[in-house]
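Here chain A shows up in two complexes: once beside chain B, once beside chain C.
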Partner chain A sequence: MTAANTAIRLLDVHRHFGEVRAVDGVDLEIADGEFFSMLGPSGSGKTTVLRLIAGFEQPTSGTIELAGKDITGTAPFERDVNTVFQDYALFPHMNVLDNVAYGLRVRGVKKTARRQQAMDALAMVRLEHVADRKPAQLSGGQRQRVALARSIVVRPKVLLLDEPLGALDLKLREQMQVELKQLQRDLGITFVFVTHDQEEALTLSDRIAVFSEGRIVQLGSPSEVYEQPVNEYVASFVGTSNLFDAEAARAVLGAEGRFALRPEKIHLVAPSASAGGPQAKGKVAETIYLGVGRRVVVDLEAGPQLVVLEPSTTEAAVKRGDAVLATWRTEDLVRLT
Partner chain B sequence: MSSTPNPTLAAPSGAANRRFSSFLATRPRLRLALFLTAPLTWLVGVYIVALAALLVSALWTVDSFTGEINRSLTLDNLKEVVTDALYRTVTLRTLFVAAAVTVIDVALALPIAFFMAKVASPRLRRALVVAVLTPLWASYLVKAFAWRSLLSEGGLLDWILGPFGIHSPGYGLTAVIMTQAYIWLPYVILPIYAGMDRVPGSLLEAAGDLGAPSALTIRTVVLPLALPAVIAGTIFSFSLTMGDYITVNIVGGANQMLGNLVYTNVGAANNLPLAAAIALIPIVIMLGYLALVRRTGALDNL
Partner chain C sequence: MTLSPLTRGILLGFTGMVLLLMYTPLLVVVINSFNPDPSMTWPPEGFTGEWWRKAYHSAGARDAVLTSVQVAIVSTLISLILGTLMAFALQRFDFFGKHSVNLLVILPIALPGIVTGIALNNAFRGIMGINLSIYTVIVAHATFCIVTVFNNVIARLRRMGGNFEEASADLGAGLWTTFRLVTFPQLRSALLAGGLLAFALSFDEIIVTTFTAGSGVTTLPIWILNNLFRPNQAPVVAVVAVVLILVSIIPIWIAQRIAGEAENIR
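This part shows the complex of A and B:
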């Protein structure tokens, strides 16, 4: 990756609040036009990294570059970066159109021109019809889209999104995910997306950085992060995993080390069936119907419990107390560091 | 273990309480009546009746020979107050002082309130709130006299500013304005502080994020959102200055404000009806001001 197509570069960035190392040495390169997600639980440092890029916080040490230019120490209003806030931060005393036009107004764009551009931005999020309303008169989803329009109207190089879908209900969130992705493709703007929702990160992103305690623990494409988690933390935070510690690995897998196995990679067959490859005998402890499938908890004879995700198409559903044989492919077993 | 309440002994009164509570729980009107009787009695009986009495007594007259109050109703006092040049002059002077005090207080309170609400650390903020409130615990008279000595010839102000060629303004309207601006400042800072505290920090960040430098953020976001709170503060400084007569007596020199006229008419002149008529002037002005600012939402910020 050369400087020419790097949108954001962080070099050994630290941000300490007294004793707390909120960001503890982050190196990061985000490419132009990329949909990049920062994933982690609250307090993992992802939001602080976003605020450092936006300029609301200054790093304790390290440098931040935007399009190859060092922007460390510059004020937010000097940065060609815009933020969509978690609480949307719409100006309550202005109507929707004035909110969207605000960035143009402070840049001195003439009134008719900025109204036109603001209407165009509102059209992109299909909200022209609420231009005259105050933010308080909008629904959560509409406010979210107004915040989005307000940020993209000034055509920033990078759009920062701080858990923008967190306050929306599930249905709306899924719909907005599709819209965000389309918008990002249409505009070609780099999106840096902060979320604690691993599913959202997997769905939307080109690449994901998984944060823990102020550091990036894994950086890669969604499938890399999901299929090859580097450690127990990533394996359990991104999706669910059956984790085998050293003892369990020896007992069940007959192997040294620690491993993770995704529930949907395991198949349950009758104990009489002869199956090649890795397998473990057990008894069904619990079955939970999920709609798209069925989660089956199996008590293995070797000791540990195994969570299995069965597709709902399986004709003969296993029942509590059934003896089963769990099978999987060797390559689905992920060795953890 | 005598301090431990004995459940069997406590039971009878507890049970009565519970019965009374459940009796009330199903009767919201009775509950409301019990709740509001005392404050409403005070408000209606003392406050509104007193105000009505003031209005009525303004329509009475005093026999200038005997000093007896004549209770037949006439508009003479009101006519005198409206037409007499003396009252017009004093009213305008009082308005001017109140306006000047209000402008000075708002100018001082805005940056202080902004700093307290949006810049200071929580620790410093608490210290500043205490610092702003502390002068309110000192007697009004003490503060006015402190300013009298401060402003006196050869006083502290002269002593500090003398070397720079600036002298104390002496006793007069300027001294009244300075003193009143000092005394009422906390009443202006606190509502503005509360109003700015209610402006979410993310709005300021959003304005900066969208390209507005600090001054523009304050002008386009902070001030419009804090305006109702600012007006709430001006209601305090304006009305408190309008009604004052002590400060002007202490540092005002020979100047008179409406409060003084009321005071002399109640006391020395023994003309209670005329005093009542004069007292109506600031009331009418304040009612006019309140009606004017009602639409800004300032009254929700008091």
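This part shows the complex of A and C:
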């Protein structure tokens, strides 16, 4: 990656609050036009990294570059990045149009021109009809889209999104995910998206950084992060995994080390069936119907429990108490560090 | 909560009595300002506008009103600026002794006026060697007027949070632009409410004023006190009192309405 197409670069960035190391040595390069997600539980440092990029926080040490230029130490209003806040932060005393036009107004754009541009931005999120309303009169989803319009109207190089969908209900969230993705493609702006929702990160992103305790533990494409988690933390935080510690690995897999196995990679067959490859005998402890499939918990003879995700098309569904043989492919077993 | 009819009756009776006790004297003052008998015998036997005319032409009363208005406006302005700055300091920043400062700012409104009066009188004349004048009255009034502004502004800031200012900075606005376009408009009603209360407080203050006013500085309450017991001035005092009631009630009423509207918007 060369400097020309790097939107944001973080070099050994630290941010300490007294004894707490909120961000503890983060190196990061985000490419131009990328949809980049920072994933992690609350307190993992992802939001602080976002605030460091926006300029609301200054790093204790380290450098932040925007498009190859060092912006460490500059104020938020000097940075060509915009933020969509978790609680939207729409100005309550202005109507929707004035909210959206705000960034243009403080840049000295003439009234008629900025109104036109603001209406265009509102059109992009299909909200021209609420231009005269106050934020308090909008629904949560509408406020979310107004906040988006307000940020993109000034055409920043980078748009930072701090859990923007967190306050919306499931249906709306899924709809907004699609809209976000389309918007990002249409505008070609780099999106840096903070979320604790691993599914959201997997669906939307070009690349994901998984955060833990102020550090990036894994950085890669959604499929890399999902298929090849580097350690137990990533394997259990991104999706669900069957984790084998050293003892379980020896007993079940006959191998040294620690491993993860995704529930959907395991198949259950009758114990009498002859199957090659890795396998383990067990008894069905529980089955849970999920709609798209069935989650089956198997007590293995070798000791540990195994969670299996069976597609709902499986004809002969296993029942509680059935003896089964769990099989999987060797390459689906992920060795953890 | 449901109350038994008896409890409700008793409470209603008490409320009525308290209100009656509070407002009947005010009503008597209003009526007396139209009482043709200069010694204000009750009940009045007729109606006259004579006292209102006399009060209007009384140079002493007019000067007193003017002095009071000047003192109230200037001390309100001082409290608006200092009270707002203080509210920002205490709401936005953490520093050593923050809670003590908070208490010290609010204390003057709880302190007995006589204590404030004596203390300031000593401070001005004894320690600082300043002659008492209209300016000492203004400073003295500002010490407790600040509290109303401070309380209103800090309550608003607490509800606002810092997010709007971050959003404004994020969209490219500098500090001053952010204050002008985002912070101030949201503080406006709090400032108005606090300012009106401060004005009303200053306008009818008498104790602290007595101790801090220079010779020749006569605010309206002091003028009333001086003239109340002069037989031929009594009706004019009643007229001035009515004016004072109006001047005090109107700002409070507006302040309350503003505060109420601000609640409804949110």
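The rule is short, and it goes like this: the second predicted complex is superposed on the first by the 337 of 337 C-alpha atoms of A that agree within 3 Å, B and C clash if a C-alpha of one lies under 4 Å from a C-alpha of the other, contacts with A are read in each partner's own complex, and residues count from 1 in each chain.
The working rule: contacts are C-beta pairs under 8 Å (C-beta built on N, C-alpha and C of every residue); 3 or more make two chains touch, one makes a residue touch a chain.
Predicted, not measured: the structure shown is a model, and the values here were computed from it.
Colleague: Put the two structures on top of each other at chain A: do chain B and chain C fit, or clash?
Modeller: Because the two structures are overlaid on the shared chain, the partners are seen to clash.
Colleague: Looking at the overlay, does A:Arg173 come into contact with chain B only (first), chain C only (second), both, or neither?
Modeller: Neither: A:Arg173 stays clear of chain B and chain C.
Colleague: Name the contact category of A:Ala136: first (chain B only), second (chain C only), both, or neither.
Modeller: second
Colleague: Considering only touches as defined above, state whether A:Arg262 meets chain B (first), chain C (second), both or neither.
Modeller: neither
Colleague: Considering only touches as defined above, state whether A:Pro92 meets chain B (first), chain C (second), both or neither.
Modeller: Both partners.
Colleague: Going by the contact rule set out at the top, does A:Lys46 touch chain B (first), chain C (second), both, or neither?
Modeller: neither
Colleague: Examine A:Arg15 and indicate which partner it touches, taking first as chain B and second as chain C; both and neither are also allowed.
Modeller: neither
Colleague: So in the superposed three-chain picture, is A:His196 touching just chain B, just chain C, both, or none of them (first/second/both/neither)?
Modeller: Touch status of A:His196: no partner.
Colleague: Both chain B and chain C touch chain A; at which residues?
Modeller: On chain A, the residues that contact chain B in one structure and chain C in the other are 54-56, 75-77, 81-83, 85, 87, 89-93, 102-103, 105-107, 150-151, 154.
Colleague: Applying the document's contact rule, which stretches of chain A touch chain C when the two form their complex?
Modeller: 54-56, 75-77, 81-83, 85, 87, 89-93, 102-103, 105-107, 134, 136, 150-151, 154
Colleague: Give every residue of chain C touching chain A within the complex, in rising order.
Modeller: Spelled out, the residues of chain C in touch with chain A are 163-164, 166-174, 177, 181-182, 185-186, 265-266.
Colleague: Sort out for me which residues of chain A touch chain B in the complex.
Modeller: That would be residues 54-56, 75-77, 81-83, 85-87, 89-93, 102-103, 105-107, 150-151, 154 of chain A.
Colleague: Tell me, which parts of chain B touch chain A in their complex?
Modeller: 200, 202-203, 205-213, 216, 220-221, 224-225
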